[in-house]
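The data blocks that follow each hold one structure.
In what comes next, chain A is part of two complexes: it sits with chain B in the first one and with chain C in the second one.
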Partner chain A sequence: MSQQQTKNIITLRGSAQIICEYLKFAMNSVLFQRGLYPAETFKAEQHYGITLLLSEDAQIKNFLTNLLTQSEEWIVNKKVSKLSLIILDVANKEVLECWDFKVEYEEGDTALSKERNETVGNKDLKKIQQEIRDVMLQVAATISYLPFLDRRCSFDVLVHAKTDCDIPEQWAEAEPISITNAQNVQLKSFTTSLHKMETVVTYKLFD
Partner chain B sequence: MAQFNYLNELNSLATIDGPLTRGPLQRWAKKTNNENHNPSFSASFKNMSNANISACNQSMQKLSISSNQSCNNSVLTSSKTPTRNDIKKGKKTPSKNKSPGRSTTPTPNKASKTPNKADRFIPSRSNSNYDLCHYMMSREEDKGEEVVAQKAAGEAIGRALTDTEPGRLLQYTCKAPAAPEGYQNRLRVVYSQAKVPSSVKNTTRYIPQAPDRILDAPDILDDYYLNLVDWSASNILAVALNNAVYLWNAATGQIEQLLSLEGSETVCSVSWVQGGGSHLAVGTSSATVELWDCERIKRLRVMDGHSGRVGSLAWNLHVVSSGARDGNIVHHDVRQRDHAVATLHAHTHEICGLKWSPDGRYLASGGNDNLLNIWPIAQGQHYTQTQYLYSFNQHLAAVKGIAWCPWSSGILASGGGTADRTIRIWNVNTGANLNTVDTKSQVCSILWSTHYKELISGHGYANNQLVIWKYPLMNRVAELTGHIARVLHLALSPDGVTVLSAGADETLRLWKCFMLDPSKKKEPTDSKAAKSLLNMNSLIR
Partner chain C sequence: MAKEGDMSLFNDVLEPFRRVINTDPPKEKLSASLKLNFSDSNQSLKEGLSNLLSLGKRKSSIGMGDVSTPDKRMRTESTSNAGSVPPSPWEAKKMKIDLIAAKAQITRLEARVNHQHTIRKEMQILFEEEKGSLIEQHKRDERALADMEERLQVIRRREQELKDEFSDAVKEHKEMKANWDKDKSELLKQIAELKDKLLEANVSSKDQLSEMKKDMDELLQALEGAQSEVDILKKEVAKQTSRAEQCTSLRTQLEKQTFELQQVTNKLKELEYEKDSYKDWQQQSKTAQKRLSNMAELEKEVTRLRANERSLRDAVCNKLLLEEQVHVLTTKVEALQPVQQKLHDAKVKIASLETALEEWKTAARNHGVENARALSSALEAALTSQLTATAGCSEAQSKLAQLTEEVATAKYERDKTATKLNDLQTVRKNQESLIHRLQKRLLLVTRERDSYRQQLDCYEKELTVTLSGEGGVGGAALAAARVEQLEKSLQAYRDLLASLDQTAHTKQVESLRAEVSKWREEAESLRRDVLKLQAQRDVLQAHLERLHAQPATKVLHMMDNPAAAAQKQIQTDLEAAQEEIKRLTAALREGGNVACPEEMQQLKQQLENSRIKLKRMKEEYTSCAQEYKDVVYMLLGYKIDRTGHNNYRISNMYAESAEEYLTFTLCEDGIEMVQTDYAETLSELVELHLQHHHSIPVFLSALTMNLFTRTTMQQDAHE
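Moving on, here comes the complex of A and B:
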């Protein structure tokens, strides 16, 4: 009985970890699927029962790790509403594509939370991973409609935080971006019962 | 209020400079002056607006007069102003005065008679009033519009970027590097029409580059997930076109319509029974599997068991396995009343590829969840166990093209969709991925040749070609182009010579790409005979 219970409890911290793990895989997937970096610099790994490709480039890895550890803190403290992965043209810094990962905060299991004196959720981890898998498959399928990025591109991640959020070291305020002639595609969303993650891709439509 | 005062002052200053204000005031100006005793610096709003009007009127007047002076058209604002018109009239060259449009009626008499000045004076005044009104009205409105527009733009940006709620936008300052200089996006192959430089090896045998025959396939569904073509061992080709199934006798060229579904139902898959029987299994969009006797053109039975369209079928003796959109595989024993002998929860998405191995030991299924599952046969039965032996997840897109090697047991070829573009060769006895080749194009279907150690694959964008690969090295042997839309399905003739390709361009093309060279076929036997003769000779000696 007790085992059954522990199995289905997700703490706020755990939920944030799931979200950040998803962000890591999703961002790596985007970098690979959109062909931003050479395919040789990616390594295939098995997660959620599917093959995902992770960048082996030390600088990219470092960037994402730092970004996501900080984001995890913010997500736990409900400071972040959205992370945007933007793909820029290296030559003129034009934003060609924007992947929005919107975080929404949910109640979780209120009865259980009261009992345990902290916010907890009760969703089965298997179910969450299944949902994440569905989104990842959709991310992989986007290449069939997204325009071809035929220039040298780089990427950046913008964090949409609350106003009362402190700026840590090595972080700075950023300018809002805009994409001309933009098209939106909403992908599937998933929820950990504490956090809901919505994924939207915005891309520039060329005539 | 302050800015109004300021504007008024500016206007009045501007008009004071004008040359005409020194003359007597106009009638309307006098009128306004009578109404307002202190026109320019009144504090009350009403007065001020009036003052504004008058000030503007003055400036307008100035404008209109200057225009009168520059172009000789007679618009008189004041009777006292000396105009050149009078002079010109005296000269009697009225045609010069007139605008070109009017010069068609240049009778001098008429010109003198026409009360030109009066005629034009009134519209001019009212015109200037209109301008004034418009000026007055639009001045404030413009500001309003600008503000509204700015607000709207701001809102749009806000919606798109900051989620409408205020917040700060942060970035990590240690940026990731850009792609290395000179790096070319490898996805170019997915998007470009340019021909991929292929390493087509010269082979000794001749492969015709043009199709042997082209058949029309109107209304064939352009759906990657269906299997609409099958060629029976008795040389009859079954093709599903939208809601109908047609049988084409490849030997005689006869065409027969087998069935036509009612309403908006469509045929999603067809599959012939093994060994040259006349039974055809038909999967429909209404989640049923129908069994037809094609000799008598008669439906034998309808089998249910699915909750989604049946896009793939495979026979193993008397068992027909069906894969559907619900991700389940159902094994139907067509001899039994309770036909559904087993149901496998095989995939989480639609099943698009389903093939029994020639020895009947394994069933391979590919789905839209990018998985390729291998199911071992159940002990003493002709259907599979409900637990897969292997689940290969290396493909990065839906797995539709699946084919078992006809000469080597347990060797399987599978091809992935647009996001994957690879053909992988598997050994299901060991679970090893023997070879992987990037085809640079969506793989829609795969077949093995029975005569040569070769495979043929049908592709989509960009070239919509068929590619023949040498096994096991996976070198390109030939490329057959001609389809103008992706090659959805492939079928091999029973004699193993002809490959039929069904394209989304609504054509069926027959390629004689595995032709046997008659001289070569005989050669080995001839040389054997010669050898034995030689041996005999040696023996005799």
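Moving on, here comes the complex of A and C:
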């Protein structure tokens, strides 16, 4: 019984790590699916029982690791409410697409938390991964209805943090973005019992 | 006895069978022997056949006579035996039994005999068949035998013939031998003769040999003489060869000389060419000298040009500086543009303010104030008055508040009273309706009373009528009056009913109206609710917007994100491209020749050289062509001119005038002569050489010969 219990415990840090791992794969998947970088710069890897594509580009890798290590800190400290991956036209800085990854904080297992004197959850890791896989498959399927990006595009990640959050080095405040004639598509959400992740894609509908 | 008799009988009966049985094996043996001896000889076969035939005869006799007859005889015998000896009863019985048994046996035997008959018949048939086949075989064998005999005879004949031949051959051989012996002897004789002859010949040959030897010696001597001659001749040959060598050397020298001559001529040609070129050079040197004379001017020009170039370079430097300045200035201008904008705005503001001030001033003047102090004092006064006014105002407002309160209370009271009034009015209305109803009832009651009264009167009248008398007329009138009365009452009732109906109707209408008004009120209230809710919704929306407008979060991003990098990249690309465009446009404006003057010079020189070369080649070509033409003219006697495309005009060396020429055109399949005036005069030659011989060269040669003879004849005539 005790073994079973220890098996299913998810700490706050672990949950944040799961979230950040999901973010990494989701962002890479979006970059691949939306064709922002050439397909040959991506390498296929097996995660969650499906094949995911990760960018081999050093710049992108570096950017994502920096971003996600900082984000993990913030998620642990409950500073972040949302991460937005925006895809914008390089020529005129127009935002064409926005992938919102909303983070909500949940209680987890209160009884167990009291017992262990820290916030913990008790969800099965396999179940979490199953949920993540469902979301990833949905992300891959979005290409069928998202508009074709026929211009030179780049991306940026905006972190919606609380106002009392300190701005670390290499970070700066950005303008909030808005998409004209926007369409929202809510993808499946998943939860680690400590963090709930909702994925929403907003895209500009061309007439 | 009986037994014996039976036995004899038996024997009699059985004998033929035994015979048959005994005869069977020999027959088989015979057939076997037949088969064996079949091919041996004819005689044995014949014997076998005769045996068989005799056997068959015997058998047939046995089958026909011996077997069928004993049966009948037997019975007769048995009966005769029974008659002769008187039997005892026991014997008789036994005899009878025996007889019966014998009879049975007889029958059995008869059957057997029959069976044997059938067997015999079958056998006979078989034998006959075999006999037939054997006869056939025999015939065939006979035939074969005959053939064989014939063959044997033939062979014998042949043998005889061969023997004859052999004897003939032997005879011939003997004859031949004799002949050969004769020949041999003759030959031997001949040999002997020949031997003699040989001996003789040997002797003669020896003589000849000696003669030959003599001859040989003579010949040897001759040979020696000849050899000496040969030596002499050899010497001469050596001499001749030496001479020939000399000749060859001379020839080689000659060749060398000719070669040298050729070389020399080549050299001469080269020298001539060189001379020509030297002439060119001379010309060139002359021009160069001329140019040299112009050198000073050129140098001056060069210095001038250098100065020009320096100035241009300075100008370029200045231009760059200016460009930079322009760039700086443009940036400044860009920086200053907003400032200017601001300035403009400020100016506009000032103007507007001035107008405002002017207005103020005019306003002040209108109020009779000239100075600022006066204005301030006036303002102060105004302010104080305003203060007092405000104080009054506040008092008034407080009073107003009091009054409004009072009004409110009054209103409240008034409302209260109004409600009371309403209540009272409703009560009154109810009462009024009650009164109305009561009045109506009263009316009804009075009318009822009246009707009752009338009825009463009627009854009284009736009573009086009945009491007064029983008159028919009176009675009728009374009835009519009564009817009238009754009708009246009926009418009254009807009216009453109608009035009552009307009231009910009005009541219903009223109730409906009330209902309608109630519904209307309800609708109104609902509308009000809707409005209220809308207002609420608006408020909430505003609230929501407010919440949105005040973000509880701040948006952060990494400074070196890919978008920024891409932006920077595109910016730098753009700048680089623009700079390149600038550079290229500048280069285009300045012109390409500045880029590489050395190369230009080189190319010019090359061009000049190639031009000179071309010129020389042309000269060479023309000179060669002329030479060629001259040679042709001198050698062939015709001057050939090309008058146009594929057209050639030839005129003879010995022609009398320039008009005497022929024209030829070059066709695909050769050359053709064109009709000319001169050609018409040469119809004879044309006919002979062109039409008959089909040869232009012959024609031309003939013409030459013709003309030549003519000219020489003329010359002779002159001489």
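The criterion applied here is as follows: the second predicted complex is superposed on the first by the 207 of 207 C-alpha atoms of A that agree within 3 Å, B and C clash if a C-alpha of one lies under 4 Å from a C-alpha of the other, contacts with A are read in each partner's own complex, and residues count from 1 in each chain.
Everything that follows uses one rule, which is that a contact is a pair of C-beta atoms (placed from the backbone, for glycine too) under 8 Å apart; a residue touches a chain by one contact, two chains touch by 3 or more.
Because the structure is predicted, anything quoted here is derived from the model rather than measured.
Colleague: Report clash or fit for the pair chain B and chain C bound to chain A in the combined superposed model.
Modeller: clash
Colleague: Touching A:155 in the superposition: chain B (first), chain C (second), both, neither?
Modeller: Touch partners of A:155: chain B and chain C.
Colleague: Looking at chain A, does chain C or chain B touch more of its residues?
Modeller: Higher number of touched chain A residues: B.
Colleague: Look at A:66 in the shared chain and tell me whether it touches chain B only, chain C only, both, or neither; answer first, second, both or neither.
Modeller: both
Colleague: Based on the superposed arrangement, let me know which partner A:93 touches: chain B (first), chain C (second), both, or neither?
Modeller: second
Colleague: Given the superposition on chain A, at which of 99-107, 459-467, 495-503 or 549-557 does chain C overlap chain B?
Modeller: 549-557
Colleague: Which residues would you name on chain A as touching chain B in one complex and chain C in the other?
Modeller: On chain A, the residues that contact chain B in one structure and chain C in the other are 59-60, 63, 66-67, 81-82, 90, 152, 154-163, 165, 167, 170-176.
Colleague: What does chain A use to touch chain B in their complex?
Modeller: Spelled out, the residues of chain A in touch with chain B are 33-39, 44, 46, 49-51, 57, 59-60, 62-64, 66-67, 70, 81-82, 84, 90, 102, 130, 133-134, 137, 140-141, 143-144, 147-150, 152-163, 165, 167, 170-178, 182, 202.
Colleague: Write out the stretch or stretches of chain A touching chain C in their complex.
Modeller: Of all residues in chain A, those touching chain C are 59-60, 63, 66-67, 81-82, 86, 88, 90-91, 93, 152, 154-163, 165, 167, 170-176.
Colleague: In the complex formed with chain A, which residues of chain B make contact?
Modeller: 157, 160-163, 165-181, 183, 185-188, 190-192, 348-349, 369-370, 393-397, 418-419
Colleague: In their complex, what parts of chain C are in touch with chain A?
Modeller: For this pair, the touching residues of chain C are 551-567, 570.
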